[in-house]
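For reference, chains read A, B, C and D in written order, and residue numbers begin at 1 within each chain.
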């Protein structure tokens, strides 16, 4: 079992124009930097990107907005990005906004073979327009369907050639669910380790969900809101 | 006198109970963490995947892999845990988080809330707000009583697109504390020095005033 | 924050006749031995137990069958238990059999605020009788609702006073989902550690799901099918 | 001659492909693990929460906290992982497990399967079988061609309560290998020394026989 590919470019083999991608990360935390850079190099167009956020102008998915490779974003929050705003207001870019918990659960459902589920989020709002609603125990819920992707691009801290992944701190976020929901799941890691080095009890994403894995070099890991306090 | 943002946070902190798990929204709600009573154990949840969130890191100790839902660098306290986004919202939807405090642009006297979208302006998205308001058993909205034009934000009906319906339980504004009741906003406490009449004048929604509304003690 | 209670008996405070319980474990692996023993001592009757299995005659939930404290079992597989068979065939014991994956997902749904979801398991069989079915992408699915319990009794390897839990190997099984779905969740652990000793990235059940925790002593951890091979 | 159980397992092992994730049911399917071709990487899943399940432990090294879905003590191989039951069935329902091999009491020529309940007998439950058969893209049923009374188990219609409908893709019995096709059981290979006529005589469901059905090579 060896899922290691030599580079981010090799990991995207088969990724074509018009495909639907899931891209892990929350803000700029835990995003697949190297796979995004490879997407820019690959030059594929007309992409639908499912990602909680859309990066900033010059980092994260913002890079793919600059090059106009994205046709549609499916996200929960897309601020902090002037080019995004311009393309959205001009109608160049389609945007589907989804409650964050619903987005996370729809990705998990896609990976877990659950085609639809009921959630209370968005009931009575425009999010529920056109969707089935139903009462359970006196409370109203909205039926939401699964999300799946042609490629899921995720970022982990450590991984092995079986595709087993361990994430670090809040860089975990959407990565585990998206890893489950890709027809082809590409994982980039800061460190490739030998099988057996990761304790089986501590693996966050079992390798079965990962198709290709590679080690990235020189992660920038940009901080979006650097907030600190002074020592007393 | 109207409350300052710090005083609003301070007042909300009095709603905390020992052992509560609490999710604080961006803005004034974040300040509530500064007023947790001495000796009280409160665990703060951040919906990007933290329980037991601590204060901002010391200069030079920021970790790009450790941020809160506002994308700010934070720290972890002993006993904290990290989880993925689906588990985080499982906690929220499953009503394991005991108190949610968040800001709003409009609230109605039936507990509807609007806080994510202004037609004609750039829409950034609802983030986790719709999940939070639809799920929490205990939601406190914390906001200015009127907008910059002086118009009441406590309404009969929201003019903006809704975030959730019939979900808000309590509102703390710079003018007072209100429970949402079947009869409307029930005034519980007045900001120090403010009269019931002044509050009434600035409240568009149905207002219920008991015979003896206490002044807030800060 | 201190969820530690002194004993299994104290942990069951408020547990009454007729309540619905979830009980973790798969076979005899990862079962809450000490909480089950305390249930026997407590003598509560008419219980509905949601548990993947029903123990063996003299261990696990079998102990509560011997004392006739269980009115109804909700399980996926209930072999290996003669007293169970006798009570079931005589009609003393009600039994709801549920596909194992559906059982796991219904517990998770109960904890996650998802009142119902679609699953393919059981479509076209008696499991789907009386349930809504629906086609998605050409495949048929059954609508299943959440499961929740008055008390969830789980067993972990290590835990701290915040209720954070770590499980060992396949003793994990149903415990994490059941921990999510109890109005009161009681966790028993082999080892109580200080907060901070468990790496936040390695916690399987975040403390928010756990209400009471205690350290058990002298775990029997009985093996149901001891299978070995000889050294060459 | 009819195949032995070991030969059936051996034949099924030839359906394995490098890199497959495989779930083996209790009984004959379990034996398939003994016939993985040299150099081929197969990861065995156990639905109680293991990927990368290894052989039974050496005497004295059993771990009560490490069992398979048959409740037998097992070991882990390097690169294995442990997870909870909901994640395990997420793998199964989400079709991440590439091959499922399980036993059956009856199979029909449209791919229905019955393997969990005999009316009038003690019912132990379906365990994970209904999830597995409803979910897997690739299900091989492995069973004796006829029951102890000599009656065919390859039927037009199941007489026992169903475990799943239209799901079985392939059947390996002691008499041959069959694909489930729109026309019925398509005989692919005969057990060594058995004639097509002998197989036909023992098959109640629709049987399709090509012009040249090879004898199995073991």
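Keep this in mind: contacts are C-beta pairs under 8 Å (C-beta built on N, C-alpha and C of every residue); 3 or more make two chains touch, one makes a residue touch a chain.
Here the structure is a predicted model, which is why all the values come from computation and not from measurement.
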Chains touching both chain A and chain B: C
Identity of the chain that, by mean CA position, is farthest from chain A: D
B-C compared against C-D, more contacting pairs: C-D
Chain A-chain C separation of Cα centroids, rounded to whole Å: 33
Averaged-CA centre spacing for the pair chain C and chain B, given as whole angstrom: 36
Distance between the centres, which are taken as Cα means, of chain D and chain B, whole angstrom: 55
Chain C and chain D: spacing of chain centres that average the CA atoms, whole Å: 29
Of all residues in chain B, the ones touching two or more other chains: 76, 82-83, 86, 89, 92-93, 135
Where chain A touches two or more other chains at once, by residue number: 105, 108, 112-114, 119-120, 168-169, 172, 200-201, 204
Chain pairs that touch, as defined at the top of this document: A-B, A-C, A-D, B-C, C-D
Footprint of chain C on chain A - complex, ascending: 105, 109, 112-120, 134, 136-137, 139, 141, 145, 166-169, 172, 200-202, 204
Touching residues on chain C, where the partner in the complex is chain D: 26-30, 52, 75-79, 85, 88-89, 97, 99-105, 107-108, 119-127, 157, 168-177, 204, 221-231
Of all residues in chain B, those that touch chain C in their complex: 19, 21, 41, 43, 45, 51-52, 76, 78-83, 86-87, 89-97, 135
Touch list for chain B against partner chain A, complex: 46-50, 55-74, 76, 82-86, 88-89, 92-93, 112, 122-131, 134-135, 161-166
Complex interface listing, chain A residues touching chain D: 1-2, 108, 110-114, 160-162, 164, 180, 194-196, 198, 200-201, 203, 206-209
